[in-house]
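Multiple structures follow.
Each of the next two complexes has subunit A plus one more chain, namely subunit B in the first and subunit C in the second.
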Partner chain A sequence: MNAAVNQEPYALSGVRILLVEEFPFMVALMTSMLREFGVGQVMSTDNVQHAKRLLVDHNGGHRNTKMIDILMTDLMGPSRAGVELVQWARSHKKDTVKYLPILFASAYTSLEVVEGARDAGVNEILMKPVSAEKLAQRLLYIIDRPRPFVKAPGFFGPDRRRKVEEFKGEEKRIRSTEDLTVVNEEE
Partner chain B sequence: MSEKDDEVEIIHRINHLKRKVVADTKRASMLGEGRIDPDAIERAQAVIDDSQDEYLDEVESIFGDLTKAWSELKSGEHQAVNQVQVYSNRITDLASTYGFDLMRYFSKSLRDFSERIDIANKNHITIGQAHLDVMMITVHEKIKEEDAPKAEELKAVLDQAIKKYG
Partner chain C sequence: MTESKKARTIKANKELQMKVGTGQVDERVVDAAQKVIEANTVDFAPVAKPELDALQKALDEARKDMSDGDAVLESLKTPIMNLKANAATFKYKFISDLTGTVLMFLENVSKPDKKILQIVDVLHKTILLSLAYNMKGDGGAHGKVLLEAFNKLCQKYKPVN
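On to the complex of A and B.
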């Protein structure tokens, strides 16, 4: 079946984003850009503990209109508290926190940082410097190409493979089909 | 390791976010990839472009914080290493956003160097100081491009310091 053509631009007015960033200039810049995209609410904090409280307050209950839809976090300096925040979210008991789309934005572009963020369970990585085109593209990936979550020994998070085409070779990460369970969330 | 520990579960979630951003929520899962209004993307890029004038004041202010943190580091305060990393990363972030390539080159070099700096090692302090010296000239003379004649000279000064004391 062919997917219907989606002509209308997305209406982002109902979307709420939590931005975790400790550099005030970048907070102001990113907030203004997201507002230009039409994002309804951009909340921000420079503190990971505060971010956790906000996530629990907004997403700790049942699905509701006050929920945070996307978490955008920076590495948060030498402590790398941004990665710790991602790990915290992915191990949360509430699904509305655990499966939250997470966009990791960083001026640190080393392989170690990128792999660390990916292994912690981020959905997408935005390498700084940021541009409007790059930011829009990453948001669209999150909306249009949500990766299935993988729960495996030592990992929980979005599938770390970028490509979604059917893999033709032998699946080596799964020892047998008996080891694999596919779960579809019910309506 | 038990059999249960080997299990891999693949979980396909309902795309709640897509439902939120499309007009026809019932057909959200059948719709193809969408877009963000191109005019909105243009306006968002203008936010960056229009704020370029703020770069010099902002970078000067952060450079002041960096200089203070560097003085504390030189006087033996270990916690100042983190501050040096934070401020040099902020300058890297700013400079790369606005295309100040020479400043990005120096600040990124300082940020990466400060991750392994030994503050008791005089040679390390000399290398760090060389970074601050060339960054100060770059700020004051508002040098933007990495291939400007003065830029080549400053890069050579820093490279020599790293080669000699590194």
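On to the complex of A and C.
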């Protein structure tokens, strides 16, 4: 689980996580696990509308010390309200909501659900049942490997490509800076 | 290519990394967090009951009417998904494995039929018995046999014409 050798542990005490989960016992367990990792504050709700209000309250104003750093949301049942929450966040006008790292948890492993979550703009997907190792691993991915965001027709979210491999064949992709505009976080 | 069709990349936000620093998560911390799961004393049976009831209801309704195939499959998958997500957390890894097998099978089914309902019905009964007999962990030798049987059952499935 070591992300690097001979280094101090992460300072997670200043991190605030919003957990959106429908089962109270799962909230209790996840909260306990996150606290074991040293996470400073875990807020939770079983309601997507409430989650939106919390995100606006904490992240909707100027940058401050009360901001939520990571959103962890479940699929939230057959309505898949968790995906809708991700879409809402990614289309938000405030950068502090729009670019929020999102960890998506689901027991569904179907391609449809995984691709749906990815296309909605999640950073990482955590498959249930959850183990401490899986949870720690996904958190580390979010912290250690912040991904650039991509804004393209029909998509806004973290770059979905995990690695860039050399393409063998006729080059048709956009490569020049004329076609690919790099902008700063604050537009 | 017009401006609106251009893909743009936006530099990765490293604020969280700067706030947290780089380093490691101590394996002892991960072990301690895992022990939180293992030490929980919540009885899974009452947690599972509403999901098993929902599964029974979905089966009953599907037997009467399977005209809306997508709705039938969704009503079967949702409680199975919830059981899969939660059982291992309450020491019933066997139930998580079993429901995971059937869920993966259902995710590749496009239209429900009688054979599918039979498989889900057997799953429902197996979970009830597993809880009644307190088959915690991987379910031991019986668990292994049952899991293999479900794997074979799902692999043998052929859609009813």
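Following the convention adopted for this analysis, the second predicted complex is superposed on the first by the 164 of 187 C-alpha atoms of A that agree within 3 Å, B and C clash if a C-alpha of one lies under 4 Å from a C-alpha of the other, contacts with A are read in each partner's own complex, and residues count from 1 in each chain.
Basically, a contact is a pair of C-beta atoms (placed from the backbone, for glycine too) under 8 Å apart; a residue touches a chain by one contact, two chains touch by 3 or more.
Fair warning: this is a prediction, and the values are worked out from it, not measured in the lab.
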item: Joint occupancy of subunit A by subunit B and subunit C, clash or fit; value: clash
item: Contacts on subunit A seen with subunit B and repeated with subunit C across the two complexes; value: 1, 3-5, 8-12, 14-15, 23, 25-26, 29, 32-33, 36-38, 69-70, 77-78, 99, 101, 107-108, 128-133, 135-136, 139-140, 142-144, 146, 148-153, 159, 174, 179-185, 187
item: Touch list for subunit A against partner subunit B, complex; value: 1, 3-6, 8-12, 14-15, 22-23, 25-26, 29, 32-34, 36-38, 63, 69-70, 77-79, 99, 101, 107-108, 128-133, 135-136, 139-140, 142-146, 148-153, 159, 173-175, 179-185, 187
item: Touching residues on subunit B, where the partner in the complex is subunit A; value: 1, 5-18, 20-23, 27, 30-38, 40-48, 51, 54, 58, 81-82, 85-86, 89-90, 92-94, 96-97, 115
item: Residue numbers on subunit A that touch subunit C, as the complex places them; value: 1-5, 7-12, 14-15, 23, 25-26, 29, 32-33, 36-38, 69-70, 77-78, 99, 101, 106-110, 112, 128-133, 135-136, 139-140, 142-144, 146-153, 159, 174, 179-185, 187
item: Contact footprint of subunit A on subunit C as seen in their complex; value: 1, 4-14, 16-17, 19-27, 29-34, 36-37, 40, 42, 47, 74-75, 77-78, 81-82, 84-89, 93, 96, 100, 103-104, 107
